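Each of the next two complexes has chain A plus one other chain: chain B in the first, chain C in the second.
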Partner chain A sequence: MSQTAVRPNRAGALPTPVLFGAVGVVIAAVTLELVPRLGVVSAIYLPPTSTIARALVEQVQRPEFWLALRDTLVTWGIGLAIAVVAGIVAGVVIGTVPGLRAATASTIEFLRPIPSVALIPLAVLLYGSGIRATLMLVIYASFWQMLVQVLHGIVDVDPVARDTARSYRLSAAAQIRYLIWPTALPYVVTGIRLAASVALILTITGELIIGTPGLGRQIAVSMESNSVPPMYALVVVTGLLGLVANQLFRAIERQVLAWHPSQRRELSEAVSGL
Partner chain B sequence: MRRQLAALLIATAMLAPAACGTTNQPNTPAPPGQPDKVNVGVIAILDVAPIYLGKSKGFFSKRNIDLTLTTAQGGAVIVPGVMGGQFQFGFSNVVSLLLAKEQNLPLKVVCNGNNSTGVDGTDFGSLMVKGDSPIKSASELNGKKVAINTLRNIAETVVRASIRKAGGDPKTVQFVEMPFPNMGAALQSGQVDAAFPVEPFQTAIRGQGGRSIASSWVDAAANLTVATYFTSQQLVSSNPDLVNRFTEAMKESLAYADAHPDEARQIITTYTTITADVVAKLTLPKWPADINRASIEALASQAMTDGLLKQQPDLAALLP
Partner chain C sequence: MTAVLRRTALVLGLPVVLFVVWWFASAGSTDFYRPPLRRILAAFQETWIGERLVEDVAPSLVRLLVGYALAVVAGIVLGVAIGSTRWLRALLEPILEFLRATPPTVLVPVVMLLAGIGNEMKVIVIVSGAIWPVLLNTAEGVRSIDEVLSDTCRSYRIGGLARLRHLVLRSASPQIMTGARQALAIAIILMVISEMFAASNGLGFTVVQFQRSFQIAEMWSGVLLLGLIGVALSLAFRVVDRVVLRWYHGLRAVERQPR
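Entry: the complex of A and B
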């Protein structure tokens, strides 16, 4: 992890990981500026950073851009919310009802690796090209991320704690509330973070291929119109979205799991400089 | 238990169509006094300028049609969309429709879409090579690599027609599937020897020194009908009045766009991201109001020669 790989600045003047991150971004941007300028790749197909940045500035002044961004966020948010709730409910049911896990394991292992993209023709047949078609892809892909994490979390319950709970005759609801949920929570939060990335990827993919309104469709239209710099500008926006989402969910993870040993260890490592 | 999971998944899948059933589905006539909501699946390319222009001119609303245009990436989305009733009409090239008809998909063409300009050397798509290529004619493509946007579809049929017409042997040519935006770079790098781009990529490749060696739309048939608007047999039988009104509005739109190319160019800048200065340089397709049946027959017979179609298509059933 970056926290352990990077030695914290003892003087405390600069948050070092942020500094290193910034250096990484600058190196990437300079490389992307130089590659087309040095003629390694034609600037027609890979415009330099400065051109993409100008196109980005133009994009953010267009109302269509903000509408597309809103559409993407709505599809992503709805898809992720449904997948998270469905994944948690299905995971808790499958993980706690005796025998259900064994009965569903092969089915889950069969369905899970089916790439969502392969379901596009089915999604289009069922729902046309609107938001529902893309939602189907998003939910399908991110649901498995959640479900598998929740199932792992439930398996992780300490046998001694479980036996203790049984000895004290905790009800099923109480066991879920006081035993299973706290054990599974770190897995759930990780699942949400992973599902968020997958959901974003599938949202953009659905928009690109099916033509559901959003950033992906704007990228496709730019491509068909041979408008290369705006296309890259939109691609950059999708990347930034993913970055923001990941940071957001990491922050939530730290908040929600502040009590959990995994988070406390990270904190103590960061403090002691290990 | 597995059955329960399957039931859960199926139930989830059923919920959404149930929800969409509440929206106004125009496969049945709209209540009196209300316009029919019509959703048309199109591709964001020059070819569909007339329907955008017709919408803005009110040719559809005056026929009581509330028109929504939905852009999709291509026939793979539009054909199932029309079959499934999400789109009432769709835009597709003729060969895709012939292939779909051969598979007994219940489609019906309602109106012309766009045609070749019919002018050799000045069309909206052409067979191109890079500037310093030794190839001067389609006859020299024997054994070479040619990039087309979709294999076993209209581009392959017309490029084969060009090669045959020039005296080459299309059977020896290796066709490579490649999106239009990649063709310029592939020509430059020598990855392919020739490519068949349409506008705006044809003009972009010319700007990089590329050369057209054949006008394949023209070589395939005189004034070729390249694409048409189509619907499902189901809509034809359930709401023939709507189909008639759509067809009339479309014909008016096509005639208007064909007569007013400057307005067509302007509308293109609204639904694509092609800028006004670029669109001014592009070669537009022709938009006759009526389908050129003879050209579709010629195209079908070439598709048969190439083995793309297995049997003589029933054009009377496909075309209006």
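Entry: the complex of A and C
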């Protein structure tokens, strides 16, 4: 890529940002090791990094940990899949049927900002602490992310291309396939990435508060039984899970949209960026 | 005139229909868990208009606004510092990515350990979850300042506060507002969750109390109130956004016009 050459780097190039990042991680780990050891914060409440690392290794050897991880992944996956499909279907219907978009706009604007956690008492009442209670939160929260992206995507259709399709009398199905789908695809993929991260947050939250089996419940259980290092270890695991999910969906986005101009631009920005 | 009527009908049509459907569909409901809407609205008035407004709703909102304001200010300050310092950004990038990816609600038990279960804990929880979108978006906005503008500033020897105010914050403001919008949603979630986890007052606490004591209509009214607060805050945010980014929206509108 010639991009790096195009933008000369005045502030002094950092040839190895990865190295810098690694140094940053080490500094943070050492600081968190020293803060409790020097007694700035009680080691009971904030265990040193080494203790947390040991607890993490211990967790990884326990079958309960893997069962909890599996439960979390299952709830997350089911919730995300339902929200994505529902969001695409609803988005295409609302976006393509004339008049429907204007009629639903105010309702969508009203329902979307309702915080999904407000539904927790309702979910518990209707479904107890089972997976369905958490699924309700996950689907509610991620559905809107998806729907809004799909609607943006459908509006984005090039007017000239639309008129051309109309002139050639493309059928409704052909219009969706050759006109709307390619235009909306980048939005759909972005929607899936956003929905995935929202769905993960709500999955863990539901487990934490409602007690649906999974990593979140394990965190609540370790807190109640006062086993602090395992609790921190599990918090780290949820962060890593979020990180892996982010990277995964970004990679999928790049793969699916390699042909799309927005990706090429973003790629060149990423190169000339950090 | 007809245009105005038509728009009003479009905006209000579906909500009115949904309300009427809910009202009549639930009117004869004997399902214990799904009381008639009439009962819920009556419970809403009895429950929330009066003492509870001061005792539960006000503390929640104060904690939310204090936490949110702190998160936005701290996020902007740190974001500007990180965005304009290349080595600092490289150093912190993996850590920030990790912190952003961590589901904010798992911080509730952690902060509870470190800060007890008082008001401070809830404010810290809100700050510690809501700061990341502001910080990361600000850093990104500061990083991508237009180079020509930046060079012009340098040529005219505009530095210090003037540069910060007219160049850095102004250029980054669209991204800052995007981050602030995401942060608001997270802050509301954390307000509710921190109260559900451990509290003696507040909205989240009260709603869960209703649910545990099977005061079903009261609980529904609490869910309704939480929803209304979410909607009201998002409307308020939109007003602020319009004012702060008036120049930006104007610019975009001009750019979008056919050439």
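General remarks:
Simple rule for what comes next: the second predicted complex is superposed on the first by the 239 of 274 C-alpha atoms of A that agree within 3 Å, B and C clash if a C-alpha of one lies under 4 Å from a C-alpha of the other, contacts with A are read in each partner's own complex, and residues count from 1 in each chain.
The rule is short, and it goes like this: a residue touches a chain if its C-beta (ideal position, glycine included) is under 8 Å from a C-beta of that chain, and two chains touch if they have at least 3 such contacts.
Everything quoted here is computed from the prediction, not taken from an experiment.
Of the two partner chains, chain C is the only one touched by A:Gly216; chain B is not. Contact with chain C, but none with chain B, is seen for A:Asn246 once the two complexes are overlaid on the shared chain. By the touch criterion stated above, A:Ala233 is placed in contact with neither chain B nor chain C.
In the superposition on chain A, A:Ala86 makes contact with chain B only, not with chain C. Looking at the shared chain after the overlay, A:Pro115 reaches chain C, while chain B stays out of its contact range. Of the two partner chains placed around the shared chain by superposition, chain B is the only one that A:Gly130 touches, whereas chain C remains out of contact. By the touch criterion defined above, A:Ser225 lies against chain B but remains apart from chain C after alignment on the C-alpha atoms of chain A.
Ranking chain B and chain C by residues of chain A touched puts C first. Counting contacts as defined above, chain A residues 45, 103-104, 107, 121, 124-126, 208-209, 220, 223, 228 meet chain B in one complex and chain C in the other.
By the touch criterion given at the top, residues 7, 11-12, 14, 17, 20-25, 27-28, 41, 45-46, 102-107, 110, 112-122, 124-126, 197, 200-201, 204-205, 208-209, 216, 219-220, 223, 228, 231-232, 234-235, 238-243, 245-246, 269, 273-274 of chain A touch chain C in their complex. Within the complex, the chain B residues that touch chain A are 1-2, 5-6, 8, 12-13, 16-17, 20, 39, 41, 43-45, 70-73, 76-77, 80-81, 83-84, 86-87, 179-181, 184-185, 188, 200-201, 204, 208, 271-275, 278. Of all residues in chain A, those touching chain B in their complex are 42, 44-45, 86, 90, 94, 99-100, 103-104, 107, 121, 124-130, 132, 135-136, 208-211, 217, 220-228, 230. Across the interface of their complex, chain A is touched by residues 10-15, 18, 33, 86-87, 89-95, 97-110, 112-114, 143-144, 147, 185, 188-189, 192-193, 196-197, 204, 207-208, 210-211, 216, 219-220, 222-223, 226-227, 230-231, 233-234 of chain C.
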